[in-house]
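Below is one structure, written out as structure tokens, with a few remarks after it.
Here the chain labels run A, B and C in written order, and each chain numbers its own residues starting at 1.
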């Protein structure tokens, strides 16, 4: 599961199966999240109407819920979609954007976490805030991922699922097991919505592997390696974003396995 | 009308007249649709408030309605805008994103189709679904465009307008006439919202030609050739999207006429 | 304040202080506005829920309000955020997208202008429309910035703040002082949301300089120089957008000071 071979099999599965991922995601991230999913071979769908989210989730392989630009109507739709996903035993992934930034965000997250996401994917500040241990400043992290490791373990035990805390090094835990991915590049933090789009990819990988820990780990690995490859010939955040999508789409086995730093 | 010369005249008209196109379009596609319109020389405006859509349509050359991330408030605005467009004899174009994916989408589309769009532009699965002949899987097509040819003809007869079904080959029909554009590139399907942005371009071309069949055909031709040109030096979906906008803006007569495969 | 040295100090302050900028901004512009802020070193946050805007503004260095894709719920949130910003003496910046295009926009703007924005940033047509002197056609300007100079001065006197009118030449006035920036490139008008993203940058620069006139002038200067640099090796609007973000992030003192044309 932690081998480059296993990650590569997930890349191939994404391309072969083209999982449909239903995303209820913020306005800033919609474009990048859709393009990341298309680049790896998955099929994105964005839908937020209370009138249709339960039907959309029923045809999808996974649901991702991102609270970035939340408001009450969207939160209601999130709950309808999640309830349906749980009923159908489909994995749902939570991205707690800006956790800790406002009381409203915290209150909404409290109710969402109770619905036991298969995976929570956030930055250090967000995972700390979810465990009541930090007040985020906006949506960018003020904490290194490693600072949130204990909080991640506690959160995983609380939800019974997997928690990924991402940063310079990415960690995945289910409360017992721990894995780390030491790939990626600092330019990823200079492009908006790279965290949100990663959450969408987690949805796709969990859909094809059928397993939350492994799927999450593989998503982080694929994303990190593509980021490293993209940074090699980027002149800044604009060209990085472009090459990142190219690299995600063009990933080959040698490039992936040779660069992967999984522990 | 089917000659390269005629298509080139439409390119020049877009640049000279800079038609204002009012788009009620999904959140994922707003950026690309606006950039495609600006690239060809048109002027995009996005507005969805029930308080202003009727006024906005009154100053625009065409209205495009795209149901991608629909909800009831937006659907209400769509109807207000369409009703005004019809009253003022302005063309309105329908993009039935995800037709067939949920009962809500189908119900909304049923009411929209009754308002006789000048053009419907969709992929194979969407056009089939509009005629009750397929259940789409999300928003990406599971059917080749040619499979939807009969459905397209039937739909055109039903609306009294034009139907474009796009894919590897694009078709345009008014129920009697049929034309095909065999340009484009597979990378277009790996970038989100390329179909939606094409619908916005159809709006611009119908506005400057004053004719639904010709305007639609020319939009498909311009888009397909720019896509082919862009693919020649793209390394993947990221760089394709960048070069595609460059090629749309920089199209010259020789490059267009020499590559066009219209029938 | 008008020297290249002073502008460069603002660039360094953006990178060192990473000001949090709260943007209530239209759907089309969210991606570019966030990426422009990240490129210069600032930290963007987008939030529009009435339940949280007042709390978000309280942790931000500046608030920007852009009416691009407005509707009544968003307008209500704008007022809540603005009221809190004023109470806390935080600067708020208004981008009157499409002023004059519809009666609804004009009515909304009338109420917003009364709340005395620290800065208004618009194109020629928008600033003229705000003073009742023009009817805009959509969201692209039909007037050169210089035509709106008197209107800009009058508007600045009315609000007691600063007004920037941007175009081929950009002007900043507080009703008495006047400064001009003669940088930038025509390609900026061929990429959607470049005006809106500039308004976000004005917010960041006003936050770090603590001064509306200087902050606005420096934002225009940084943006214009980065635009010129980007245009040198762009093949069209697609590649321009990419290089523009690269140049904003990579701006160095010599490149900035040598190119600046401030008066």
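We take it that contacts are C-beta pairs under 8 Å (C-beta built on N, C-alpha and C of every residue); 3 or more make two chains touch, one makes a residue touch a chain.
No experiment lies behind these values; they were computed from the predicted model shown.
> If you fit subunit A onto subunit B using the CA atoms, what's the rotation angle, as a multiple of 5 degrees?
Going from subunit A to subunit B via C-alpha fit gives 120 degrees.
> Over half of the interface residue numbers used by both subunit B and subunit C, so same, or under half, so different?
At the contact between subunit B and subunit C, which are copies of one sequence, the residues are largely different (under half shared).
> Using CA atom averages as chain centres, what separation in Å is found between subunit B and subunit C?
Their C-alpha centroids are separated by 32 Å.
> So which stretches of subunit B touch two or more other chains?
27, 31, 241-242
> Which of the residues in subunit B come into contact with subunit A in the complex?
Within the complex, subunit B touches subunit A at residues 26-28, 31-32, 68-72, 98, 101-105, 137-140, 189-193, 234-239, 241-242.
> Write out the stretch or stretches of subunit C touching subunit A in their complex.
18, 20, 27, 30-31, 34-35, 38-39, 43-52, 55-56, 59-60, 73, 241-250
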